[in-house]
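Shared between the two complexes below is chain A, which has chain B as its partner in the first and chain C in the second.
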Partner chain A sequence: MAANNRSANLNVQHRKGFVLAWVFGMVALLLAPAAIATKYDVNAPTGTHEGEDVAQPIEFPHNIHVKDNGINCMYCHTYARRSKVAGIPPTSKCMGCHKVIATDKPRIKKLTEFWTNKTPPPWKKVHDLPDFVHFTHEIHLKKLVFDRDFPVENVKEVCAFCHGELENMTVAKKVKPLNMGFCVGCHIANKELGAPGDCWKCHK
Partner chain B sequence: MNRRNFLKTMGWGGAGAALTGCDLPTTITLEEGKEEVVSYLMPEEYVIPGVGVWYASTCTQCSAGCAIHGRVREGRVLKLEGNPEASLNNGKICMMGQAGVQGHYSPDRVTKPMVRNGDTLTETSWDNAMALLQEKLGAVSGDRFAWFTGTISGHQSALVSNHLDAMGSKQHYVHEVVNNSVSQAVNRDMFGEANPRVRIDKAAMVVSFGADFMGASLSPVHYAGQYAKFRTKKERGLLVQIESKMSLTGGSADLWLPIKPGTEGVLALGMANLLLNKIKVSDAGIPNGVRKLIDEYDISKVAKITGVAGHRIQRVAQLLTERSPSLVLAGPSVEGHAHGYASVAAVMMLNHILGNVGKTIESSGQFPFPQLMAKQGGTADLLAFAEAAKAEKLDAVVFYGSNPVYSAPKALELNEAMNKVGFKVAISQFMDETTEVADLVLPVASYLEDWGTQVPMQQSENSAIHVQQPLMEKLYEDSKGLGDILLSLLKQRNNDEYGKFEDYYAYLRNAFAAMPAAVKNNTTNNNEFWNNTLQKGVIDVASSGGKLKSTVVSFADPVSESANADGLTLVPSPRLGLYDGRHANLPWLQEAPDQISKVVWDSWAEMHPTTAEKLGISNLDLVEVSSAQGSVTLRVVLLKSMHVDAVAVPLGQGHEAYGRYAKGLGVNPLQILDATTDNKTGELAMYSTRVTVKSVGPADSLSIVRMGTGSGDSQAGRKLVATVPVEQLRRTEGS
Partner chain C sequence: MSLDNILNHWSDYRKGSEEGGHHDYEHRWAMAINLDICNGCNACSTACYAENNLAVVGKERFEKGQAMHWLRIERYWDQQDKDYPEQGASFLPMMCQHCGSATCEPVCPVAATYHTPDGLNAQVYNRCIGSRYCSNNCPFRVRYFNFYSYYESAWPEPMEQQLNPDISVRDKGVMEKCTFCVQRIRTAKDKAKMEDREVQDGEVMTACAQACPTSAIVFGDTMDENSVVSKLWKKHQVERGVYAKTKLAKKDKDLRGYRIFEELNVDPSVMYLDRVREDI
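== the complex of A and B ==
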């Protein structure tokens, strides 16, 4: 089916991009470890938002995973580069590690309980857009990471454009406004790179 | 309080604030931490959240059986479109098909088996339900058991027949309000086939006597596709529509001729008279009796009877000879009279005279699987059922896909008849009027959750079986697929033969494996055939060639006495959308305005302004439409797209049950129809009821909503586009 072919092709490209970025990144690390050389520069969106603290069923520590253990965002949010949504990782993915790691911690005990009961934790949504806005993670990652030869191990810097520095948070908190002005401002700033300005690109 | 009064009370301006019942659910919000986002426990193979995959299946919203694609995302079917692999509908579907998801997700679905306990139905388990069926059906034998369905085809239909055989009964009542039974009888007599293939696309000119082929017909998408070709040909096809109430097809016609109800046959004879006597077309093959009848109807007499001006009749006849091949069609408004057969025969005779048979009316050939072909419904079976039930000849009846309690005229006394049926089983998705009076209710899966095969009764050039596969898991654990219910009924009778099939899926796989090699694309690998078929959604089966005969049968004079009488004839008009009332519970279709009058969510009576003036009725008055059988009270809409001697009341509304969206809206004109039947076929003469209309209340433009007519609030008090205060927006989106 057409949809399948399409995503399959993209996967190939992604993989190529992934490898290229990795090689390029390693070379860059050796030659000039201070600056990341990419094909083109992008302007990050501007604006902040005072988000509310959201109580999650498990106080998931992004900081431990990202900062302390250096796990890539896309290891867990694996759909981000293939779909419009980044995806909350399946519980099985959590258990892949936590069957053996930190099993004595209260949060992991709680997770294991969800797993044994065969119900995924009822996570609360933090970042949301209205239904009349078509936002896709896939294209944004393509333009901001893969096409740009941005090192994939540093992808958190790109994610932070809209999600803030998750490495310094436990559970996610909305720190960017994610309103139309925020999106359009960034699209205008990156117009030269092909960021679309047509209404129907998002409102379709 | 019904919706109309409710809105009236609320007034239009400030309705939004008071309609708290219509507020959006609080879980849909942009606020952080309010909505839940649930992940998979285990990732599903091939599923990427946010990425939709299209699967093939088949639409069952009407009996046309169009092949569809459904977009499935995160295990939910979200959108339906036509399947381009099927030449029947060629990648298109109609509004009723689009609204299929709404029936599937309807909050009014029956979710548990229910059994009658005195006056009420109480929930029970499937085990109890099956035990009760075993007991009750075991005690019935022969023709005292019956199935009552709508048009049904494919393997489900074969299983119904097998169940009847196992019960030793021959009673399968097939009922459809929108049907072409009388035309089928005529076609069989004149051409040798009940459903020859109609080729609008091949015609240079179409004269349609009330055939709303693009609207509420038996295959609206197929004919609309043909019509598109007909209109885009190098020499653009010409459409003349002759009817008493403008239909959707009539609205597209080059020439629309209003005709006195029930005189279509006379007009056809008048045209034949012109063709044979004036234009001197050959009269070969026309029986003497008919030839005499034609000669009786000279142009001035015909003009007087039909109300169609003589020069217009002449012009149409002239055009018919200039544009060849042409096609003349007869619709339900021609069929629905005591002289329906004669009228249709007179109309179809024009095809013989004009030499269209074999050109624009083709043989549909021999379908290689006759047992899977559609068993098509009409109204004669409804009458037969009512009679048998009243005579206490039925001990147990299973109802599926038809709602006779709603669609039977009061004159048939069906309520009384139903009380005399010993044990009534309803296999149903919704609590409709028939399900409400059942003794046992079996919740059936929606068509988007079920397996099946459909054989369209109006096939295109490439005849096919359309395959129905579940597009998602069942929403309600306690609902069962139709095929599965049929199998368990069969297992109770004949476990030796059917016990080996675990479920209907297994039965279908077995049936597919047993298909001849030619159909299986010469593959011997059954898995491959099965997978390819599911992917494509269509099994191409070549119908072997047949040849039509072109004869004219003898028929009676198609003029009725009432055609000469003064007064109004009721046109119970079906429309694409609510159809025969089966879609009244789908808000999308209630919301879609009637194609001619623009009315939504209501019933209305349609009249010509001249008639109204004579009766002292003004636009939007409350009127009472009365027949000998009863009356309905509703608003009147005056339109010139009516014949002066007709009053139309659209079908579909007036439900006394059928869920929150359908119940209590409008009126049901079927209730006040006479029980007159066509003299030849015994079909209900639905378009022949004489009525009187009188004004019983003053005009009130607020009590009926007509879209795009420049009155009232465009959202009619409903939150189609929801709004939030600026303060809340700031809070959720930042500033």
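== the complex of A and C ==
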């Protein structure tokens, strides 16, 4: 009985140690992005949203591209740093790789079919802002990445502010509310960096 | 954005020019319209319709005073006692004057209209509840109310393709007015920001100024001393916040600048240059 108790105590202690190590590990992980030396820090927006699954013509796996292959968001969404919209990449961009890579997979076969038929896949918009909102990707990227000397290879951490961790999703899903409170909250938190608070900056 | 925030900062947007106005201006967009070379062709008004998704209301509603033209040409007869060809028509393009101490702003019960740091008199459509106080308090009568859901009928297919995506199509029950083409200002400012510089003079051109065949309309920033508008204002001795301007002797024909209803202390941002007439 006593022995049993002792072993139970030991177990608890052991577990405590494990938990502590785990907590330290997580803290270290959380601090890791902060360890990147940037010119200034920004406050990320807060809020979560339970978006619906959007059925896309091809079930595009963001996780394979971002997590497994480490492709930069802006490799495909190349307009993000140059214009208002991030842009859906043209099929030619997909085919740039998939003419030779994984051509036997069913999803790629479907893609190749779209390509040979010369019809763009009818992608559906997931992060759709109302028409009365003026939002530009380029200035947000300039302020949050380029002006800040944030390493461009880690840009997905900045994209995740509004789009969630796409490295863990297949098809994109709206996981942030993207409503006025979400935008304004972040703009107030980053007021010193010049985030505007004027209604007519965004309302059009 | 809480109610607290609105209440605490309410007065920031409610200051008249005598109190320094909305004090931290980044720009003060303004216009100078030379009536001497305006020939009343209405191109500005048409351009405004195209740029700002304005609905064509039709003759009946127009007669009821429900027109939606943000920019109208007012026609006056100089010689009332004469018949048409000699009647001496003169024209005046009239749009929102973006008053520095606008009378429409303090009466809005929901702060849908307020002064931006750009010196613009903003109208936030989402916030507007359609009380129409602003319109009734505007001495220039340049605010237009959506009595109908024009988006349903004003642009039958495929005409909705002509709508400008940079400005929303207003719904029924919302007040609207000239914005000094804020979407163009926004685009120019965004571009300047991307290139780490200030907005240059001439970079922003309103649709009316662009369409004017005689270049009677000049648009720019009066905070930029080297802008064409600033120079015109200075040349004609029109100053913001100066109301009781004593008109100089009529002999000085070079001083033609005036602002409409200057004496009401509304501090308009549009300066008109009087017509030059031969002495009859």
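The working rule: the second predicted complex is superposed on the first by the 170 of 204 C-alpha atoms of A that agree within 3 Å, B and C clash if a C-alpha of one lies under 4 Å from a C-alpha of the other, contacts with A are read in each partner's own complex, and residues count from 1 in each chain.
Simple rule for what comes next: contacts are C-beta pairs under 8 Å (C-beta built on N, C-alpha and C of every residue); 3 or more make two chains touch, one makes a residue touch a chain.
These numbers come from a predicted model, not from an experiment.
Trainee: Look at where chain B and chain C land on chain A after superposing the complexes, then choose clash or fit.
Mentor: After superposition on chain A, which the two structures share, chain B runs into chain C.
Trainee: Have a look at where A:87 lands relative to chain B and chain C in the superposition and call it first, second, both or neither.
Mentor: Once the two structures are laid over each other on A, A:87 reaches chain B alone.
Trainee: With both structures fitted on chain A, tell me whether chain B or chain C touches more of chain A's residues.
Mentor: Looking at chain B versus chain C, the one contacting more residues of chain A is B.
Trainee: So, A:116: does it touch chain B (first), chain C (second), both, or neither?
Mentor: neither
Trainee: When the complexes are fitted on the C-alpha atoms of A, one of 41-49, 131-139, 185-193 or 221-229 in chain C overlaps chain B. Which is it?
Mentor: Among 41-49, 131-139, 185-193 or 221-229, only one stretch of chain C overlaps chain B, namely 41-49.
Trainee: Is there a shared patch on chain A that both chain B and chain C touch, and which residues make it up?
Mentor: On chain A, no residue contacts both chain B in one structure and chain C in the other.
Trainee: Which part of chain A faces chain C closely enough to touch in the complex?
Mentor: Against chain C, chain A makes touches at 131-132, 134, 136, 138-139, 142, 180-181, 184, 198-201, 203-204.
Trainee: Spell out the residues on chain B that touch chain A in their complex, using ranges where they run on.
Mentor: 29-43, 48-54, 535, 733-735
Trainee: Give every residue of chain A touching chain B within the complex, in rising order.
Mentor: 1, 3-4, 7, 47-52, 54-55, 79, 82-85, 87-93, 115, 118-130, 173-174, 177-179, 182
Trainee: Given the complex with chain A, which residues does chain C contribute to the contact?
Mentor: Per the touch definition, chain C meets chain A at residues 1, 114, 116-118, 120, 122, 124-127, 165-169, 182-183, 186, 190, 193-194.
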